[in-house]
Every structure is written in C-alpha cells, then in structure tokens.
Amino acid sequence: MSVIAPKFRLSYLIKGITDNLFWIIVLMTLLGIPAAMIVLIYIDFPVIDGEIWNPFRVFDAMTHPERALPLVKNFMQTDLFKVVAFPGFGFAALIAAAVIFVERKMLAKLQLRVGPFYCGKVEGILQLMADGLKLISKEIIIPAKADKPLFWAAPVLFAATAAAFVALIPVAPGWVVADIDLGLLAVFAVIGFFPIITILAGWSSNSKFPFIGGIRALFQMVSFEIPLILSLLGIVMLTGTLNLVEIVESQVNFPWIIFMPIGAIVFFICILAELERIPFDLPEAESEIVAGWLTEFSGMMYGLVQLGSYLKLYAFAALFVVLFLGGWNGPWVYPIEPMAEIITDGIVLMPDALVIKDIPGLPLFSQEMINGTIWFVLKTVGVIFFILLPRGVFPRVRIDLLLKIGWYKLIVLAFVNIFIALALVYGGIIGPGGIL
Amino acid sequence: MSQKLPPGLQLEKVDDRIMTLNVGPQHPGSGHMRIILKIDGDYIVHCDPDPGYVHRGEEKMAEYRNYITNIPHLERPVIHDSCNILYPYCLGVEELLGLEVPERAKYLRVIAAELNRCVYTEYWLGIYGIFLGHSTMFMWPVGDRELLIDLLDKMTGARVTHAYFVPGGVRNDVPPNFEDVCLRQVNYFEKRLKEYADIFYDNPILISRTKGTGVLSREDAIKLGTTGSVLRASGVDFDIRKKEPYDVYEELDFQTNVLKEGDSYARSKIPWLDMLESCRIIRDALQKMPKSGSVRIKLKPKPKGGDTEVYHRVESGRGSLGMYIVSNNKPEPYRLKISVPSFRNLIAMPHLLKGELLGNLPPVYWSLNYWPVEADR
Amino acid sequence: MSSADSTEIEKSEDSSPVYEFEKSLSDSISKKFSNVEIAYVKQNRIRVNVKKEEIIDVASFIRDELHFDHAESVSGVDYPKDKQIEVVYHLGSYTDPLLSKQILALATRTQREDNPHPGNDSSKLPSLCDVFPSVSFHERECFEMLGVYFDGNPDNRRLLLPEDWADIPPLRKDFAIKGR
Amino acid sequence: MGTATGIIRALNSGIKHIATKRFTFRYPEQKLKFVGDGYQYDPSSGVGIAGYKGRHILFHDKCTGCQLCAIACEDIAEAIAMPKVEEQWKHNKKAIMPQIDYGKCVFCGLCVDACPFYALYMTNDYELSSFTKEALIYTPAQLQVKPQVDQDVEIQIDEKGAKHG
C-alpha cells in the first residue's frame, strides 16, 4: 500500500528541532556575535561617571538591573528606538497586525461566519503569523519579461514609503520620529510617492492586468489627492501652522471635527480611495482585472505590499485622529497614585533589602505619554473600524463614477469647507485672536 | 509613415490603441469560459465569448443510455439546478411512454423544483455579489442556501445531485414531518431574503454602479431570443410556468415579475423577486398537496419510446429549458437536444458588452444569468 | 390578452384530437407554400418539413405573418440511412400572446457525406441568421457538431469543441464513443 | 438625500448583523443529522423511502447474486462489480455479491431501485475518503457492516437567527 504522506515519527521531529538548533548556534557564533560587536562599536555610548562606555561594559551592565535601567532609558531617547520601536515602525506594525486580525474576525461576524478559528487555539489569534510564515516560505516568481530591478524595488519602496509616512505621526507629547515644522507638507509629499510606486509596479511586471491596475491606481490617487489636500487646508488656516504636533496641541479644548465635519467627511472618503479599500478598491478589483497591480507579485513581495498597505491604513487613520479628533488629548485616565509610590520607594521585590529596593531610572515612560498613547490608540482604532466596515457593506464603484466623485463632489465640498474655515477666521471666532 | 514593411503587413493606426484581453478561463471573473475582449482605453470595442471549456458531450452520451440511466447524467450540466434540468426530460419521456403522473408526485415535483430554483439563484446571486466586490453578498446567499439544501437533502437524499425526478413521478415520498420543517425553513429563508434589500438592492453604490449598464431593449431581447430573467427584466412578460403551465403550476397562486429597464440592475433584481415568489409557491403547494397517495408509477426495466419526437420546456432558474427528444422505438433516445437558457442568453453577451467600460464586464456578464457548465453541456 | 388566454384554455379542455388553432396555423403555411409538408399537428406543437431551397421564404413567412419571433433551439439530427442530416428549428413567440404556448418545429434536410470536410462539402444549408438573429450561436454549434455549413451565417467558427479537434463532427452517428 | 439615507441604512444593516448568530456549520466537530437510516426502496410498491444517499449496505442473507444492481449501474458509473464470495447461501448458488468502487459511484441510488430482494440499501455514512484508490473499493464483506454514525446537529431557528446546533 503506497502512502502519499510519510508517517509521523517523534524521532524525526526531535531530529529536525536539534538540527535547526545546531545550525542556529553555529551561525550565531560565527556571524551573529561578531556582527553585533561591529555594530556596537560604532554606536555612541553615553558617558556615565566620567567614563566612556564600550560594548563590553554594556554587556556587563545588562546583568545588573540597577545599572541596566538607566541604560535602557537612555536608549529609548535615541532616534534608533523611535524609528524602530515605539512611535515608528514597530508600533505601527503591531497595530497593523491587530487590524488585519480584527478585520477578518469582524467581517466574518458581519457575514455570519466564524473567520479564522483554529490557528492559535483562541479564535484563530495566530492566523496572521501562519499567513506570514506561508508567504515567507513561498517561492518568489518573477515574470520572464519583467523589468527586474524595478519589479524588485516596487514592493520594498512601497513598504518603505508607508514607513516614512508613519514616521511623521505624533503619537504622544514628545513622541514623534520626525518633528518637522512643515509636517503636513511632508505628509502630502510622502502620499505623492504612492501613485508612482503603483504605476512602477504595474508597468515593470510587463503584464496586461497589472498595467491596467497601475493606470487605475494612478487615476484614482491623483484625482483624490486634490480634495485630500484641500480638505486639510481649513485646519491649516485655523491653526496657522503646518506642524502636526502644534496642530494637536491646538485641539486641547475641542477637536476640529466640531467645526469642520464636511472637511472630515471629505478627508475620510479620500482616505478610503487612497488606501484602495472597498468601495474604492478598483486597482485591485479581482473580478475585472485579477488582482490589479499586485497580480504578478508572489511570496514575500506580496507580503511586503500588504504590510505597506496596512501600515498606510494605520498612518491615515492616525492622521485623521491628529487632524480632526485631537490626537492624544483626552481626559486623564492613567492612574497617578501608584506611579508616584514607585518613583519614591522603588519596587519592593523582596522584604529583605538584599535585592535592590530602589531602582533608579523609573519610570521608563512619563504619565502624559502613557495617557496620550492610550487616547491616541483608542481614537485610531475607532477610525480604523469605520475604515474597515465598508468592506462588508458596499460593492465596488466604477472608475468613471469614482472620478466623478473625486473631481465634482469632493472638491466642491472641500471648497465649502475652506469657506467655513475662512468665515470662522474672519468672523473672529477661532484662529489667531479669536474668541475661543 | 514611409516605413518599409514586409509584404502583406500593414500598419493599422487604430489597432495600435487596441489591447486584447483574455478574460478567462483562469480568471476570477470569468467562470469556465473565456471572453476575448478588445479594449480601447477603458472601453470594450469587441467581445467574443469562447465557451466550451467544460463541454462533456451530454447529448452524445444520452444516445447510448436508456431513458432511466440517462437521469444521473443529464443533471450534471447544472448540479445546482438539477431538478429543473430533469423536469423537461421527465415530461418528454412521460409523453413518449404515455404515462400519467400521480397528483402527489406532481406537487412534490413542483416543491423540489422551486427549492432547487432558489438554491441555484442564491448561488448565482452570491457570485453576482462577489463580482461587484460585495463579499457579504457572497457569504449571505451561500449561507442561506444551506437552509434549502437541508430541505432538499431530507427530501431527495442528496445535497446537490438529487436524481429525484424520474419518468412517472418522483423517486420517493417525503419524510413524515417534512411539511413543518419545510414551512419553518422557507419562512425564515424569506425573512432573510428581505434583509438583502438594505445591504444590496437598495444600496446606492450598487444602484449607481449597475443602473443603466448593459441595457437590453425589449426589441433586442425578443430578437436575440433571450429567456428567463434577462427577458423579463427587459419588459417581456414571459414565464413558462404561467404561459405554458406544466404539472400543477396552473393551480398555484403566484405572479411573474417583470421590470422595464433591461439593465444589469433589473436583471439582477428579477431572480431575487422570483425567489420571494418561489417561497409563496412552496407554501401554496404544501397546502394544496394531497396528504397521501402514490408518487411513482412502476416502469418496465428498459422502456421503449414510440417512433416520434417531443419538445418540452420548463422555466428553470435561468429561463426556458427545453428538451427535444427524438425516439425510434428503442430504449435509448435517437437524439436528445438540450436547449439550455444559458446558451440562449450568451447570444446577447457580445451585443451588450460592446461599448461598455471594462468595469462593467462583471455585472453585465453575470447578470445574463449565464451558467458556463450548462451552456457547454 | 386575458380573453385570448381563456379561449386557449377552452380549446385545450376540448380534448378533441384535432387542435383547431394549431391546425389553422399549419393550414396557412401549407396554403402559401405547396411543397411544404406538415409532419404533425399536436397540442401546442407543429412540425413543418421544408426543402432547403425554400426555408428562408418559409421562415420569413412564419416570422412576418404568423409572428413567431425567436428560435428556442436548433437541433441537428443525423440520419445515416437516408444519407441526410436534418436540422430542426424550434420557433416560439414572445410578442403574440396567442402563440405563447406554441412551438413550431421547422425542419429541413441536407445531404450527408460519409467523409465529411466541414465547410467544404455538400452538407450546406442557407442560414436563418437574417430572419431570426437568435439562431446565430445555435447554428455555430450545429456546424461543429454535425458539419452542416450555414451559408450566410457571419460567424461559422468553432464554439464548444477544442481548437485542435481533428475528428469527424461528434454528433454524427458514425462517431463512436470509446468502449461503446 | 436618498443616497445618504441609503448608505446609512446599509451601514446600519451591516452593524446589526455583527450581533446576529453565526450560521456556520463546523463540520468535523458537528455532523448534520439526516432523516432515517438512508435511502431505501420498496420493490413491492415501487417507491423509495426517503433517506440520505450515502455508502451502501448489503444484506448477505438476502442477496441472490442476480446482478441487477450491476446492470443498473452499467450505463451510469460502472461502479459495481460482482466478485465471488467465500460464503454458502442457499439462495445464492453462484456465490457472487456486489462490490462497489466509491471512486466511481455517483450516489444516485438507482442500484437500490433495481434490487428486488431488499438486499441493497444506502446508509448515512458519507465519510469515505482514503489515501489510496484501492481502499475506496468496498468488498461485500465491508459493505455488510452497519456504519457507526454520530450525527446529531440540526438547523435551529429562533428570533435571533438560525444556527446549527
């Protein structure tokens, strides 16, 4: 009796695990540790107690929490941490991953289905990990007549541009990767890259459906960028600044959505179009043009584009929060009292003072930052819910209707919004020297 | 252009703009067929449907099999609508053999046919939804279809390929408490159908998308010989259940749905209205059905037809489905032609798609109520 | 329209073997064309056999005078014994409520060749495409399945069979299925 | 204004259904209940008895080896063969009984209709998959085993929606 699948044996499994472990240890010792050393040598270390630290002393200090915590806190102030972990890529990717999971479960619930269920025992919580592993293990196939450098570059550029967009978003007071005076202008500049990347991807794969998809994406993004920019002009007029942090700070008392609901609606619709989400997912309309400009991407190249598009989703939702919903501003929810105790007394790990009682360097994060982050994440999740919901409710629109919406309706509404802002400014209600 | 070209070649200015797109057979929006499109910009200038990817030669196969063993084969072209495709065959063979079907069997046939029509239409509607990018409208109909599949399962013993109709009645009687279960599930199904209105049929985006696309005028619909929902969406009141009632449709209380617009929206709405009407028919038939009685006439093992020919047609989920059986005193039919509605509606496709936007391909194509497997037979 | 329907029902309730309405239809055809043979008149079904030279005239008469406006199906039947292939057009009507039950089978025959070269032999018929545009795809199917070429059909290409089909047309009786 | 109300109604309908019961039928954990013990046929009245058309069951004490089921299947699926069995029955002199190849069977049940001796019925067992084609051929000995089925889920309908449970 022939058997297709080989029989499972425990010894094979153990052998596989030990093999993998062996190779990981060999490669780590031969390549990983030297590489880490080289990297650490070129990083500027702080001067503590009049001594310049070196990598060896850092490793030494890591074993001692009393000395490690200040080091960690120091590290958190560096740009590297901001870019890689908290307000930057890592935080955004975490939210993006949560969004994918929530989207699938919510859509399933709306459609009376179950959704991901088996992976990770609890309601399929590890489904995304499984999908990622699958994408990584897939072979990357490149069409024979594709323009290979551009074809390779397109997904990488897409993810990188989305990450650059993320870098501009202020999450909590003082926590922004790139705090620049012309922040909003920088956002527009970054958004302007996406149509170029999509047409690059569509054209370089040298195939008909991606080409049509790329052209559609170009039309769609270009025509929706204008109302998108116009709808934000009102806020710029009222606040008199382009700096996103200052825009957030100007909304301490009330968010701008109270005065500019029309602008918010226009901006929201433009977000949907820029993100290529249903009802505006024409560039990826699978029943018309297979998968649009993504048709020829396979394996992790597709995964990168998906990562980029969900980062972009987070970034746009966050931008909506920053501009219209007041960013991190919100009532104080984070408890103050226990925090103060920790600062004064330290964490009591054991009754006897044998173990460190007072840990210098705590707290790692200020309370404003934690409170601000909580509000920011809550508002962002709310906006993301409304971005995800249309996927279950609306069909796709047609290209001519889409362009009509963009050029006729949204631009007019955006101008109405600008006039409202002008009336508010010249009426002396808000703005420089206004009543409020 | 003073370019030197090899003999026999010409530079064609217009064709430089035109791109040929092969939509299918490996395309999420094609089904088991290919549509060769020529597009100028975003406009379709030429459309050439190329069916035949699932051609199985059912008509040739039928010539080698006797009137009973043909049954499981003939339902293969549309397994989702398998009762309706066997219906004209059974009517035709009954006329050939001179059989009179028992009254209860007639009602059971009507119930099974209407349930099957809903099962097919739900599947069709699901694909119409996903073609428009409306994933909820794919999941809901395919889920609600389960209610009726469960009923058909109890009734016929199989989920899709029922092989329930035979010349001379139906294979078996329904289980004891079938009427109650059927009534309960059909009522719930009708309630669910009405919930489709908010999210799909009254959805302004859907209306703006499909209203006025692929308009088939009344004259063209008649001229091109379209049938079923396509015809009735163009304003022609022609339903074979009303016009040439077979079995007990004369005694049942229902109406035909006609819309005048003739566009993709009307063509997609007619099957939905038909499903609501089917629920009425099923309830009415359950009420009027004789509570007991024979459901099948015993046949000889290999019945022989006379030396004649019959043509019978019924209203299937897609439209008029006819069977032309030529018999020559043998247990096998001499020639069996299945005149399928999908194939007849396909004739309208090149006519409708010319001049449309590429984005209108899915709604126009699928609103033709075209089932590729059935058209290929 | 309702009155027309009621008269129809009365007629069918007569249960007399002669169907008057159908008979009147067939009589009007045989009155106009002397060569036409009325094969049978059954309830709601009429069959008319015509010569292939006359078929366009008869079809035009049926369309214009009797108001049959579309073709339900076009079936080819192979008769190797007679060395003939029969093509049957089943015609119906949407516009005339009197005719909504009626199916008129218009049959004609053409020569059959033992070694067919579809399109290049004598198995030819005039196409009804100009009279009934709805027959276009049916005639294409008939051409590839039985090798009957339809003169005048603008589109006599393959439809269902694969492009590399090199055997004889499969619905002919001498095309045998393997193992049968 | 019609567009706006339409959009709001659609969104409302979508949000409302987030709270509706899930209809999904979780197959390997749940199994759907069928009526009766499978499709059966009464040759005296010529009418079948409703039931699921699953795997067959063969009653060795009734089978006469008449081959009518194999003849019925001849033009349909050619799934039934008649091998010899190592059994002695008075009514089955030839000692042949049907053996069914479920790789070919289409589960139409016309073989059950053909049996005049109440020997061949169908059962509720539909989980026949195997790794090899040989394992799909059920010998007469395998066919006489009554299947163990654990099917108890039905569609339940109440105010909040329908579910399998």
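Going in written order, the chains are labelled A, B, C and D, and every chain counts its residues from 1.
Here is the rule we go by: a contact is a pair of C-beta atoms (placed from the backbone, for glycine too) under 8 Å apart; a residue touches a chain by one contact, two chains touch by 3 or more.
Every value quoted in this text rests on a predicted model; they were computed, and no experiment measured them.
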Higher-contact pair (C-beta pairs counted), A-D versus B-D: B-D
Chain of greatest Cα-centre distance to chain D: A
Mean-CA-position distance for chain D and chain C (Å): 43
Between chain C and chain A, distance of the C-alpha-averaged centres to the nearest whole Å: 67
Chain A and chain D, separation of their C-alpha mean positions in angstrom: 51
Whole-Å gap separating chain B and chain D, where each centre is the average of the chain's CA atoms: 26
Residues within chain D bordering two or more other chains: 7, 10, 13-14, 23-24
Residue list for chain A, restricted to those that touch at least two other chains: 110-113, 392-394
Overlap residues in chain C, where contacts from two or more other chains coincide: none
All pairs of touching chains, each written as two labels joined by a dash: A-B, A-D, B-C, B-D
Chain D contact footprint on chain A (complex, rising order): 1-5, 106, 109-114, 117, 389-390, 392-394
List of chain B residues in touch with chain D within their complex: 64-66, 68-69, 71-73, 136, 143-144, 146-147, 150, 153-158, 161, 163, 171-175, 178, 184-185, 188, 195, 198-199, 202-205, 207, 294-298
Complex interface listing, chain D residues touching chain B: 2-3, 6-7, 9-10, 12-14, 23-25, 32, 34-36, 38-39, 41, 45-53, 72, 74-77, 106-110, 113, 122, 155, 157, 162
Of chain B, residues touching chain C in the complex: 51-52, 55, 57, 59-61, 64, 222-226, 231, 236, 238, 243-244, 308-311, 313, 320, 322, 324, 326, 334-335, 337, 339, 343-344, 346-347, 376-377
Touching residues (chain side chain B, partner chain A) in the complex: 19, 21, 27-29, 42, 129-137, 139-140, 143, 199-200, 203, 205-206, 208-209, 357-362
